[in-house]
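What follows is a pair of complexes built around subunit A, which joins subunit B in one and subunit C in the other.
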Partner chain A sequence: MSRIFLVLIFLILYAPIFFLVFYSFNSGGTMYGFKGFTLDWYKELFQDSRLLIIVLNTLVIALLSSLFATIIGIFGALGIHSMKKRQTKNTLLSLNNVLIVSPDVIIGASFLILFTMAGVKLGMFSVLLSHIAFSIPIVVLMVLPKLSEMSPTLIDAARDLGASRWNVLTKVVLPYITPGIFAGFFMALTYSLDDFAVTFFVTGNGFTTLSVEIYSLARRGISLNVNALSTLLFLFTLVLVVVYYFISQRNKPNGWGVKK
Partner chain B sequence: MNNKITRNLYLLPYAIWIVLFVIAPLLLVLYYSFFDIEGHFSLVNYKNFFTPVYLKMTFSSFWYAFLITLISFIISYPTAYLLTKTKHKQLWLLLIIVPSWINLLLKAYAFLGIFGTKGIANSFLEAIGVGSKQILFTDFSFIFVSVYIFIPFMILPIFNSLNEMNPILLDAANDLGASKWTTFRRVIFPLTIDGVKSGCQVVFIPALSLFMLTRLIAGNRVITLGTAIEQHFLVTRDWGMGSTIAVFLIIIMFLIMSVTGNRKRGV
Partner chain C sequence: MRKLVHFFLAIILVSAVLFYTVSELNNSEGYSGRNTLTIYNWGDYIDPQLIKRFEKENGIKVIYETFDSNEAMLTKIEQGGTTYDIAIPSEYMIDKMRKEHLLIPLDHSKLPNLHYIDKRFMDLPFDEDNKYSVPYFWGTVGIVYNPKMLGGKKITSWNDLWDPGLRNKILLIDGAREVMGMGLNSIGYSLNDTNHAHLQKAKRKLDTLTPNIKGIVGDESRLLLENEEASIGLVWSGVASEIMSENKNLEYAVPKEGSNLWFDNMVIPKTAKNKKAAHKFINFMLDPKIAAKNAEYVNYSTPNKKALSYMPKETVNDERFYPSPQLTEKLEVYQNLGKKNLAYYNELFLEFKMHRK
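Right, the complex of A and B next:
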């Protein structure tokens, strides 16, 4: 009985995904009535240079934003960790978490006001800045536990042996927290790849990411190019999951990462 | 002294981020909420918010979010419980999480095909003799798809709290003669209440602010607070009213956080 329930849940969770994948091979051109097997939609996808540019944009934004967010996030985590006063620490931590708990719509709308007030032109740059901004707190949260796990005697020992402050950071602290850094970078990457709502607000006319593009395609109705695209994305996600699985196996975090 | 300088250097880019992207946006939203559509300073937005139109919208937004959270919980708790009973439970959990990593828009798009007039759901209804129905663009499809999307986020924290529970407590309850139902009601559920709370938190707040689903799946029949904000910012360009709704959404968010305990472990 309980087996059946679990199987049912798995079926429901995966059904829409396999549904998309299945119809991406339909020569009929709709998501009902399978007419015959074809790879035409994939061919069309790869010939659609506009879409390929959007995919490229999405990847570039994801990689760049996670890179910057990771660097700033590491410093943030180091800073928060070195705070002596409990209250300062807690204040910083709650400020850190504001963007994580805020609904995407609010982040998007408030960033839109911010960029307009600051005179930042909406487009690639504003999207990049927002992605960096909402990824930083995730990196901090992934790095902090590693820092508090680290024994302070490790740093004392390094200093006694004559290591400079810089050496302590690069030779002792950073290697120790590397798994946390990777996990943070990876989470930032998936947040950025997945984001729709924030990007939707802060993107201008000339620049789109994949999520925003899929939204506008879906509003126009069904087109099996999107199915082909989602099949490829599904495979890509699986690869990412496997990579993350191996990172976290080394890292042993306290629970699986999930986006909001 | 030296220590302080390095510490401040660490913190500089991070502090700039906090000021620019955490504090400033919140203050700007508050500031804009005091301007009417012509850009004059006024309290008209707040006055408007307390008119039946917006109050009704807020209420229905809450109602939908409540339903979505409740149904997600009813499905997720037993699922999480059964997952902890399986062999290789971490692997099964991973398989539950994988769909949540698929782009949200793609999942919504899939339901356009499934719930469409000639879609697979309607073929099924016809096959069992109910006949074809309008499924897409109804409250049902909106709630169904939302629950579908939120289930993994509800399962995860509940699974974690069930998993942390000491199994000896169950044996103890059993030895003391508690029935299965009593054990669940008096031991298991109270011990996992934190997981349930954070699960509800990660579902309820986003459910108030979904706007792409209301457009794609509910066909604009359902208006949540999120839809209204998006509408005011990007369609009617009434940033003042949009900000006012955002202010209320932020207040609601803080209220929910304080009610459900301030531990958000969804990341």
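Right, the complex of A and C next:
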């Protein structure tokens, strides 16, 4: 019974995506009435260099912002974890969580105000900065559980055996929390890829990302090459998930062993 | 640790490759040169071939960006972090931008093609003497209906909508000005009327329409009409032409009592970096042949009088989208009513929305 329920839920969740993928091959040109199979929309997509630039921009922003956010987030998590006083630790953690739950629209608007006051020109740099900023709390949240899972005696043992602070960090702590780091990175990546609300406020001067572009296209009815594009992006994220799965399989901590 | 470092290096490498591809693509498109023109327009609202042609003829590269609402555009321009050379807002927004000093006055000596614009569409209240703006496209507010679903019935006036036979069939736009305007027009008042007694009367008239209303909706009316889930809708003519190209059964009517006339105009925001190119582009778009080509692509009505002679007869003679001068006389552009009156419009519209059958 529960299995049927699960299958049903997944069908409902995936149906719109498959519907969209299906119509990306429609020669009819609309989202209703399938007329015949065609690859024209994909061809058109690859000839539209403006759209291609936007896709690549979106990917560069996603990769770079999640990379920086991961690096900063790791240190953030280490910092919060090392807090001795319980109260400070909880306060910091709550502040981190507030950033995750606060509405994107408000974050976006405040970035816009901040960049305006600081005189930062809107464009790639402003988008990158804001994506890094909203990804950091996510990374922190993904890394922290791994840190608290780690036994403190592990660090004590390493110190007793003569490891320096740097050695403890690079040879003991980081390898242990690697799965959390990857999880944080991939979460940040998906957040950045589909963020509309924040990006909408901080794009400008010829730099846009996909979500913003599709939104302004939607006003006049979406052409099927947007379907084609969405299909490709869906496949791309699917590949990412698979890659992530294999990485996390390989990184499964086996007992107490510490890996290089 | 080593694994992490490798992974991060790989990400940096991939980003670098992607970044390089982007800049190569930008270069091959010529986007990096100094002589560029940044245009901020509605999505899919220009024939892309015309942009290519403009680039070729003038050696100016065009960066094209899109917005989806006047308000979004205003935010970006107000904020000042952008460098748009041309924007294409609607009339009420032009009035607002002009008052907030966001626009640069146009140099009419650099726009020799301006005389091709139909006199009917010049010197309108939102921008007298066309000091800041030049018409790009225009249209009306009217009724899309499906004669097949209505048993061949024709709709020509606002008052036809009050027919008791149309119970639960009409979709209205969720806009106070549009709906109140319809009420005012149906009893012979101007849609810019601010007389409270007249407005009350219009609202009471609208209340009697309630049994015929199926819903008060936003953009989704387009799909409902296309898929024949509703048979009558109050829409803008631009939306109408799109829906009608998807569903051939539909008809569009500009009510004979009069209606709203809207405009999207080209303006130069104060953030413009390349005013010379902006004037060149506006003049280019005013060229009759270019305007005709653009109008055929976008499917909206062009204000360019000479352009009509380059367009197919059946488009130009289509009174649904190029109404006769007798009817255009009756069409009115929305005037800025001021905060107080607008609030009163909104209040009445809200009361109307809450009115029960």
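Simple rule for what comes next: the second predicted complex is superposed on the first by the 230 of 260 C-alpha atoms of A that agree within 3 Å, B and C clash if a C-alpha of one lies under 4 Å from a C-alpha of the other, contacts with A are read in each partner's own complex, and residues count from 1 in each chain.
By our rule, a residue touches a chain if its C-beta (ideal position, glycine included) is under 8 Å from a C-beta of that chain, and two chains touch if they have at least 3 such contacts.
Model, not experiment: these values are computed from the prediction.
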Would you mind checking whether subunit B and subunit C clash or fit side by side on subunit A after the superposition? clash
Identify the partner contact of A:T178: answer first if only subunit B is touched, second if only subunit C is, both if each is, neither if none is. second
Scan A:Y215 for contacts with subunit B and subunit C and give back first, second, both or neither. both
Of subunit B and subunit C, which one touches more residues of subunit A? B
Is A:S2 contacted by the first partner subunit B, the second partner subunit C, both or neither? first
Quick check for you: in the superposed arrangement, does A:P145 touch first (subunit B), second (subunit C), both or neither? neither
May I ask you to decide whether A:Y14 touches subunit B, subunit C, both, or neither, giving the answer as first, second, both or neither? first
Go through the superposed model and pick first if A:G76 touches only subunit B, second if only subunit C, both, or neither. first
Scan A:L112 for contacts with subunit B and subunit C and give back first, second, both or neither. both
Counting only touches as set out at the top, which of subunit B and subunit C does A:L56 meet: first, second, both, neither? second
If I apply the document's touch criterion, which positions on subunit A are contacted by subunit B in one structure and by subunit C in the other? 30, 32, 71, 112, 200-201, 215, 217-219, 221, 260
Subunit A to subunit B touching residues, read off their complex: 2, 5-6, 9-10, 12-17, 19-20, 23, 30-33, 71-73, 75-76, 78-79, 82, 92, 95-114, 117, 133, 136, 138, 140-142, 165, 187, 190, 193-194, 196-197, 200-201, 210-211, 214-215, 217-219, 221-222, 226, 230, 233-234, 237-238, 240-241, 245, 255-260
Given the complex with subunit A, which residues does subunit B contribute to the contact? 2, 6-7, 10-15, 17-18, 20-26, 28-29, 32, 75, 78-79, 82-83, 85-86, 92-114, 116, 118-120, 123, 148, 151-153, 156, 160, 201-202, 205-206, 208-209, 211-212, 215-216, 225-226, 229-230, 233-234, 239, 242-243, 246, 249-250, 253, 257, 264-267
How about subunit A: which of its residues touch subunit C in the complex? 30, 32, 49-50, 52-53, 56-57, 59-60, 63-64, 67, 70-71, 112, 115-116, 120-122, 126, 170-171, 174-175, 178, 181-182, 200-201, 204-206, 208, 213, 215-221, 223, 260
As the complex stands, subunit C meets subunit A at residues 1-4, 7-8, 11-12, 14-15, 18-19, 21-22, 25-26, 28-29, 31, 38, 42-45, 63-69, 72, 75-76, 79-83, 219, 222, 227, 242, 246
